[in-house]
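Heads up, the next two complexes both have subunit A, just with different partners, subunit B and then subunit C.
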Partner chain A sequence: MSPPLDPTPVDADADVDVDTDTAPLHTLPPPFNLSALTPLTQGAEALVYTTTFLTSSTHVVLKYRPPKPYRHPTLDKRLTKARLLAEARVLVKCRREGVQVPAVLGGDWEEGWLVLEFVEGGTVRGVLDGWAEGVRIMGGEEKVWALMGRVGRAVGRLHEVGVVHGDLTTSNLMVRGPSPPEGRGGGEHMQRQAQSDPEPDILDGEIVLIDFGLATQSVHEEERAVDLYVLERAFAATHPAAEHLFKEVLRAYGESFKGAKVVLRRLEDVRLRGRKRSMLG
Partner chain B sequence: MAVVRTFHLPHYEAYPVHICLFSDVTNAAFLRRQLLEANPEFDYAFLDASMILTPTHLLTATFLALHSTLTHRAKTRTPHSELVFRLHPNNNIGEAYRKFGIHDTSTHVIAVKLGLPYSGGGGEGEGGEGEGEEGGKGGEGKDGDGEGIRTSVSAASVSKHLGDHVQGTSVEISADGGNLGRWCDVGKVRKVYKLGDGKAGKGKGKRGGDVGGMDGVDGDGDERKEMESVIMGIMTIKGS
Partner chain C sequence: MIALGLEGSANKIGIGLILHPDTPNGTPTKPPVILSNLRHTYISPAGSGFLPKDTALHHRAWVVRLIKQAVRQAKVKVEDIDCICYTKGPGMGAPLQSVALAARTLSLLWGKPLVGVNHCVGHIEMGRAITAASNPVVLYVSGGNTQVIAYSAQRYRIFGETLDIAIGNCIDRFARTLLIPNDPFPGYNVEQLAKKGKHLVDLPYGVKGMDTSFSGILAAADILATKISDTLPEEERLKSEDGELITKEDLCFSLQETAYAMLVEITERAMAHVGSRQVLVVGGVGSNLRLQEMMGLMARDRGGMVFATDERFCIDNGIMIAHAGLLEYGTGVRMPFEESTCTQRFRTDEVFVGWRD
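What follows is the complex of A and B.
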C-alpha cells in the first residue's frame, strides 16, 4: 500500500483536531466520570458504556444521550427526556410481563442517562457472523435453526404484550451466553467452542431484545408487520446466508400468539409496498 | 454498640452509607416518635425490615436519595426522608412512610445513615407534605459537594448512638448485604409494587404482569431476583 496523502492541513487548526481525537467529546452527567467507565459503543444517538452500579460486582450498561449542540437547549432537553423516559417505561412494562429485556436499574431523564442490566453474550448479528465463519461445518445448522425459532418467539412475545420495537435489527437482538472475546466478531471463538463443546454455547442462549429508543405501545397489525419487515431487511443485510433463516423466524412468530397469523398476512402487503417504493426511488 | 455495615456505592464512593439491622426490637414506638418530633439526634431512615426485599432493593433507594440530594432535586426535606420516599412507587411521602417506615409495632428494623455533609434537621414530615411535590430544596450550594465531606457521621458514632437507643438485637449484615432481605414479607412487597400474587407459573402464556411467578414457592431466590429487577425500574421511573 502506498503512503496516503497526508489529509491533515498543517496549519493553526492542527492542534484543535488532535484535541477532539483524544479528549472526551462530552462531559458526563453526575455522578459519572470517564475513569469509572468503559466505552462499549458510540451510536449516532447514544453513548454506551459499561460500569458498575450499586455494588462493585454489579456490571451494568450506562446509556447516555448527550445534548445535541445543534438543537435549542430547552427543546433538546425536553426531547431527550421524553425519549429516554419512553424507553425506560417500555422496558419496565416488558420486564413486568416477562418479556426478555434488560432491566432498568437507574436513570435520570433530566440529565439524559439510563442504567441497564448488562446482558452477557453477543448480538444476533455477531453470532450469525461467527456462525457463517466457523461453525457451519461443525453441525451448527440445527442450533442456528433453533436460535431463529427463539428470535421469532421473542418478537411474538413482545408484540403480544402490546409493544412494537420500532428498530428491530440483528444488532438490537442479543443472545445471552458467554461473551465473545472481542466485540462482536467471534468467529474464532465459535470454532473453539464447536471443538470442545461441553462449555455453554452462545447458540443455545436465550434471546434478549434491546434498544427500545424507538419503541411504542401498540397492538396494530400494521405496525407489528413493519417491525417484522424491518427485521427481515436487517437479516438480508447481515449475511446473505441469513436470509433463508428468516423463514424460521416467521414460522415461529406465526405460532407464538393469537394475532400472529394476521400480522404475517399483513407483512406481505408491507413487502409489496416496500418493493414498489424502492422501484420508484 | 450496634454492628454497622458501611457501603460505598460506585460513583458515590465519597458518601458512605451506614446500615444497621435489628431483630426483636421493643421500642419502635419511641424511635418513630423521635422522627415525628424531628429530633435532630435521630436523623436516620428507620425502615421496617419486612418491606426490604434484597440488599439491592435498599441500595437502589439509597442511590436515588443521594443522587437527588446531591443534584439539588430532592422532593422531601431531608436525605433520609428522601430515601423512604424513593422506595415507594408513587409520590405520596406520607404513604411511603406508612408502607416502608417503622411502625410502633415493628420488630425488625433497618436503620440507614447517609454520610452527607449536612443532613439538615431530622423529621420525616409524615402527613405534612401531601404529595411531596415541592419539599425543601435542602439549601442549595451551602452543602458544598465536591470540596470533601465535612461530616461528623462515622460508623463508630452510628454504632454507639443506635446501640444506646435501639432496644433489640443487633444483627451483623454480611459484606454483600445478603441478610438485609431476611425478614422480608414478599407478599406485602408484591402488593405495594403491584407485581401480581406470584401464583401464575413461570414461562409461556403467563399473563397479566405476574412477576417471577414460581408455582407457589415463596421468597425463592430467583423469584426475588426477578421481582427486584422490576422494582428497580419502577423506583427509577416513578414520578416522572
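What follows is the complex of A and C.
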C-alpha cells in the first residue's frame, strides 16, 4: 500500500496566517498614506478605502488598483490604465445621463487611483444575504421583489444610455440607504430603531451601480445580453435561496427601454450556448 | 471501503483503486489511501487533435489490461471492492461510452454496485483530498473546461466559466497552429517553449466579470503565426518594439502570460465576491507551473494560499472518479443498473453534494 497522501500545498508559505490582516500588503502612492484611510474592502482588483477629500466632511472612497505581481508588467500597466480610464469615463457619462453612479472626484491613471463619492448603504449582495438569513422586516418578500425590479430598471437604464457594465454581480450593485448594522453608520441605525421611528429601510433604497473597470460603451444586443447573463449566473451562484427572484430583475429590465425585449431574446441564445457548449474532461 | 474507478471522458484512460480507511456511517474520517493509479494516453500526430472514434478504440484496447494490472498492483481481492465508479460525463460521447460499458460489464460479472460520477466533481474532490484545502474557490482548467467554482448549500456552484472555448482547447489548438508536438501533451510543450520567450506580444484580453473568452486569442494567434514563419522575407516578419524578430517561443510566452492572467483574475474576482482566501487549481492545465506561480502571487496578496496537485492527480485519472464515487456511495446513494448511462453534458452544479456540510 502507498503511504497516506502528502497534504503539502504548492507554492504557499507555510507561515501565512490566513486569519489575520495585520501588516499592510501594499503601500499607497502619494498624496495618500494609510494613516488617514480606513480600509473598506479588498475588492477583486482594487483596495478600497474610505477617507475624506478636500474638506473634512466630504466622505469619499479611494479606489486604488495596486500593480498585480502575477501579471507581466507591460500587460499590467496596459490593463490598469485602460480600466481606470474606462471607469472614469463611463462614470462621468452615466452621471451626465442621469444613471445613478458615484461621482468621480479625482484620479491618476499612472498611479492607479480614483476618488469617488461615498455611497451610504450596502451592496445588494449584503442586503440579500441579510434577507436570506432571516433579517426580514414586515413585507420583506414584497420589498425584495420591489428591489429586484429596481435592479432590473437600473441595468436597463445603463444599457439604454449605451453602456455595458462588464462585471455585473450583486457586489457591484449598491443600495443607497442607512448602512446595515455591521457596516458604517451602524450606531445611528440602531438609535433610530430604538426610538422606533419609521425606520428607513435599506430594502427601499435606490440602486447605485459601481465598479465600471470592465465597462464598454456599446449598444450591441449581444453585449447587453452577455451582461445580463453574467449577472444571472453570479446571482444564481451567490444567492441560491433567492434565485427565483431573478425573474423579476429580467421582467423589469424588459420594460425599461425600447430595445430591452430584443436583448432578453438574445439572452436565451447566450444561455443556450453556455449549456450546449460541449464540456470535455 | 474500497472503490475501483474508471475514467475515459477524453483522450486518457485511467484506472485506479482507492481505500477510505475509516468510514463510520459512510463518512471518511482519515485521508484516503491510493492503492493503484494507472493511466494510458491516446496521442494523436502533431498538427491534429484526437477524434472520438479513434479515442474510443484506444480505450477499448487498453481497459481490460489496465484493470487487471490495477487490481494486481493494489493487492486486493475482487471481494474487497465495494463499488465500481465510472465517469458519467461530461466528455466525448464515444470514449465515455466505451468506458461505461466496461464498468457495466464488470458490475454484472462481479456483482458490484455502480456509481456514475461527474468528472468535474471528481477533480474537485481529489484536489481537496490531496491538498487538504477545506473550502477553497476552485479553478477547474482542462482541455474541455474552464470554470471558477465555489461550494455552497450542497452544490458546487459555477461562478465563472468560459463564454466560448476552454483554456486547454485554446492552448492545444494554438500548439497545432504552430506545429508543436502533442507528445506528452501540447500544453507541456508550450510551457517549455514559453520559458525561452522574452517579448510580450499583444493578445486580446477577454474577461467579462467572472467569465472569460479565449476565442479572440486563438484567432489572433493564428494570424500571428503566419507572420513569424522563416520563409517570409525578413522585413515582413513580426518584430518586437526594439526590432527583434518575434519567435515561436515569444508567442508561447505571450499566450501563457495573457491567458493565465485572465484565469487568475477571474479567480481573484470570485474570491473577493465569496470572501475566500483559499484557491485550489484542478484539471490538466492546473499542472502548469507558471499558472501555479501566478496564482500563488495573487493569493499571497490576498493573505491566502494556493493549493495544487501534480500531474498524477491534475491530469484525468481513475483515482479521482473512485474517490468522488466512494464519497457519494458512502452517503447511501445507489444507482439502479438501468440508469448507468453516460452523458456528454453534465454540469458541475447538477450534482447533489450529500457528503459535505
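Side notes on the structure shown:
Heads up, the rule we're going with is that the second predicted complex is superposed on the first by the 223 of 281 C-alpha atoms of A that agree within 3 Å, B and C clash if a C-alpha of one lies under 4 Å from a C-alpha of the other, contacts with A are read in each partner's own complex, and residues count from 1 in each chain.
The rule is simple: a contact is a pair of C-beta atoms (placed from the backbone, for glycine too) under 8 Å apart; a residue touches a chain by one contact, two chains touch by 3 or more.
Everything quoted here is computed from the prediction, not taken from an experiment.
When subunit A is checked against subunit B and against subunit C, the one touching more of its residues turns out to be C. By the touch criterion stated above, A:Leu214 is placed in contact with subunit C alone, subunit B being left untouched.
In the superposition on chain A, A:Leu272 makes contact with neither subunit B nor subunit C.
By the document's definition of touching, neither partner reaches A:Val262: not subunit B, not subunit C. Of the two partner chains placed by the overlay, only subunit C lies in contact with A:Leu79; subunit B stays clear of it.
By the touch criterion defined above, A:Thr169 reaches subunit C but does not reach subunit B.
Comparing the two complexes, no residue of subunit A contacts subunit B in one case and subunit C in the other. On the subunit A side of its complex with subunit B, the touching residues are 30-32, 36, 51-58, 85, 88-89, 91-92, 95-98, 103-111, 117. Residues 7, 9-12, 55-56, 59-60, 63-64, 67, 70-71, 73, 176-177, 195, 202, 206-207, 209, 211, 229-230, 232-234, 236-237, 240 of subunit B are the ones touching subunit A in the complex.
For subunit A in complex with subunit C, the residues that touch the partner chain are 1-2, 4-5, 7-13, 16-18, 20-21, 25-26, 41-45, 66, 68-72, 74-75, 79, 125, 166-169, 171, 214, 226, 230, 233-234, 236-238, 240-241, 273-281.
By the touch criterion stated above, subunit C contacts subunit A in their complex at residues 7, 9-10, 19, 30-35, 75, 87, 90-92, 119-120, 129-133, 142-145, 150, 152-153, 155, 157-164, 166, 169, 200, 205, 207-211, 257-258, 261, 264-265, 268-269, 272-274, 277-278, 292-309, 316, 344-347, 349.
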